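Multiple structures follow.
Here chain A shows up in two complexes: once beside chain B, once beside chain C.
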Partner chain A sequence: MTGPFAWFKWEALFKDWAIFKDGFLTTLTVSILGLALALILGIFFGVLSVSKIKIFKFISRVYVEFIQNTPLVIQAIFLYNGLPLIANIVLPVKTIGVLAVGIYHGAYIAEVVRAGIMSINKGQLEAALSQGFNYWEAMRYIILPQARIVMLPPLTNQAVNLVKNTSVLAMIAGGDLMYRTDSWANEKLYYGPAYVLTGLLYLIICLPLATLAKRLEKVNFNNINRTEDEEMNIGCDKEATA
Partner chain B sequence: MITLQNVNKHFGKLHVLKNINLEVKSGEKLVVIGPSGSGKSTLIRCMNYLEEPSSGKIIVDGVDLTAKKAPITKVRQSVAMVFQGFNLYPHKTVLENLTLAPIKIQGIPKSETEKTAMEYLDKVGLKHKANAYPAQLSGGQQQRVAIARALNMHPKVILFDEPTSALDPEMIQEVLDVMVGLSHENITMVVVTHEMGFAREVADRVIFMDEGEIIEEGTPEHFFTNPTHERTKLFLSKILR
Partner chain C sequence: MIKEVITPVNIKFLLQGFALTLYIAFISIILSTFFGTILGVIKSLSKGILGKLVGIYIEVVRNTPLLLWILVTRFVVQMKAVNAGILAFTIFTTAIIGEIVRGGLNSINKGQWEAALSQGFNTFQTLRYIILPQAFKNMIPALLSQFITVIKDTSFLWAVGIEEVTGKSMILMGYYSKPMQVFTIYIIVALIYFIVNYLLSLIFRAKHEKLTLQGK
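On to the complex of A and B.
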């Protein structure tokens, strides 16, 4: 039997499985570290963007707009080709991968965090401040735990997209799953099995992430109802007495 | 305990507080009354610096809050506030609402602050609700929890910003009862309210505000029997029917 999915092509693929395993592990590592960086940047700039201080807001705005409105590929190429030229900084490719997806998705997560914080009644921050929490403590103990419920679905979106976007490393010889697949397929010319397997491997990372988030959403369902009920009561009462 | 000197506050073009001078003594029960928009909420919110004055000095417990790098978060730990909208933390149980700040901010051991928390919950009659969530309580119960939360900081001052204005009529009394009980203790209270019965019973001094100014001040007797100012008379005649 011949054709794009002929059996001997699958055999060749499984014989070289170590190549794909390496790529898979690289992608997994870059994804995990990238997600950690994206969350840190996202929370930091998200909280900054709701600050009363204008310069903080502005800095956050610049970061978000600049990163969201340029392609990830260009950003990765800049880190790979641009930094050595401009600043004489040569980074390992995996580091570039982590930085690229971390910074890129950090900008989106900052927007998610901003929207989450804005959804929480202003009185919550005032109550926290009046008790002697400083701004960051108030965010950490009072605001973000409540906002988490609102933020979770869009955050999962970002996490899944981040995993898929690590494939940008293929453009700069990053040794990730996509790169390994490309080079193996181009060498053997057995494209069919290679890309099917690769697709499945990405699915193996992303699907559990999405499932986990669904589950967390359900756990928090009662929480959401409780929170919204209370906010609504307060809102109505305030209007009634205004 | 609290001193305001020439305090002004502008919101854009709006001049909300006009050259306010006020001194609240330690242990004093001060009630602030006045029509809506007279600046009384802004005034009380200046006292813990939730509102930053445009000019003037605010000195609380010997600390000038308007000074550069004033230890505001430190001062706020001894100046508790009870809000119109309760502002309990909905993701925490009643008990956790009372213990969160003492544990995280004041560094009090959990077991110790939980013990005092239960005492204060008992005091406001809600010991049995310690493990409930705020949304499972009525408005009056939430506000009583908020008072217990304020008390568990062991504050020197409690600021009440229209604590009963968001409540159904039948729940107002239970909150006022708790506040009257508190007034027998040596704690400084500043209360913005429309509850004239409460003012008469509890206040050492009443101030009447209108359009950002303190129009009249005096003892409750003076206020409710013999107000001097025309605007005070008008306001009281409307509210004391």
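On to the complex of A and C.
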């Protein structure tokens, strides 16, 4: 038996399980920290983008458009190869991973947050401001909690994409799961089992998140339909009473 | 100093790489949109074994990194590097577009189906003339952002040595040692991607607004 999935190849794989576990944990750590950074940047720039002050809006647009329209790979390689040469800044490779996926997905999350804020009635912000909240307080306590329901499904999808995109680390020797798999498979030439195991490990992180996103979307979809129905009912009632 | 970098030869070198980027992206987008639409329709309509299988394909591929599929096609399937790259992108993007199409179809009111069927359209005709045109209109933003992602993500192909524009720029950087020169190359590459993707998003946005206005 010497197919691409021969048993002895699986045995070799499980003997080196520690390598994959290490990569998996790196991917997980970078994902969690990257997501935290992406959320911070996303909320910050998302709120800036709906500001009335033009320069804030402009800064937010530049960040979102520049990051969304250039490849993550270039951004990561720039942090890894470019920064040391140009600015003499040498960062640990895991930090680069966190920064790369955090900044990249922060741009996407900024758009999600912007759309979420726009979905809330303008009167809410005016009411909050008239009650003595300042701009950030109004966002923090009044607008964002209401926008949360709209924002959660796309945010969860972004989290899935972020986890997948940590694989960019493999291109800069980042020690993540994809890097470990690639080097193990290239060394042993046992590609089949390595790729299957890696796929499963990514699924373990991403599938629950993706399922959650879908469920949240369904809840929102039903809610929207229900409010539309209710509005129609209210309309009917009015007609009936008139 | 920077003039040494911005030479016709270097620009041509990079643009050759970008031509390959666009070629791979274009073919992959066409193929994935075609297959993705079919899978999305199957997933949306079939409650049986076929729908389940399509669902498994979509979920497995959507929840694993693109780079994994690039490595799989490169080392497991024996074919020319560029074709293997296109295959990887088609496998990956088909799943994503399949999910977008499924969502788009589900957003169309059931009454549309019933109305079309009652007018004597068969299932295929209803899809082709009634449901899909409306669904595609809703899907344009998601599809657009996916197309731009395909163009950007072709840069992952440098991992298997395909010399698209990212690869070309890395090779070019190897010839220069001064920080400003290397920085210039980064800027040029970023601009090449940025200009094309930004224009694409502007065109699509304008088109989408026109469609939504027509809808009203």
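Some observations on this one:
One rule holds for everything that comes next: the second predicted complex is superposed on the first by the 210 of 242 C-alpha atoms of A that agree within 3 Å, B and C clash if a C-alpha of one lies under 4 Å from a C-alpha of the other, contacts with A are read in each partner's own complex, and residues count from 1 in each chain.
Rule of thumb we're sticking to: a contact is a pair of C-beta atoms (placed from the backbone, for glycine too) under 8 Å apart; a residue touches a chain by one contact, two chains touch by 3 or more.
Keep in mind that this is a model prediction, so the values were computed, not measured.
By the touch criterion defined above, A:F78 lies against chain C but remains apart from chain B after alignment on the C-alpha atoms of chain A. Of the two partner chains placed by the overlay, only chain C lies in contact with A:L207; chain B stays clear of it. Touch counts on chain A: comparing chain C and chain B, the chain ahead is C.
In the superposition on chain A, A:G132 makes contact with chain B only, while chain C stays out of contact range. With both structures placed on the common chain, the touch criterion links A:P145 to chain B but leaves chain C unconnected. Touch criterion met: A:M178 reaches chain C, while chain B stays clear of it.
In the superposed pair of complexes, A:L13 makes contact with neither chain B nor chain C. In the superposed model, A:V98 lies in contact with neither chain B nor chain C. Only residues 36, 48, 50, 73-74, 76-77, 79-81, 83-91, 100-101, 104-106, 133-136, 139, 149, 153, 162, 165-167 of chain B touch chain A when the two sit together in their complex. Of all residues in chain A, those touching chain C in their complex are 4, 65-66, 68-74, 77-78, 81-82, 85-86, 160, 164-165, 167-168, 170-171, 178, 181-182, 185, 191-192, 195, 198-199, 202-203, 206-207, 210, 217. Remark: chain A residues 121, 123-124, 126-134, 137, 141-142, 145-146, 223, 226-227, 229-231, 233-234, 237-238, 240-242 touch chain B in the complex. Contacts from chain C toward chain A in the complex involve residues 59-60, 62-68, 71-72, 75-76, 103, 148, 152-156, 158-159, 166, 169-170, 173, 179-180, 182-183, 186, 189-190, 193-194, 197-198, 201.
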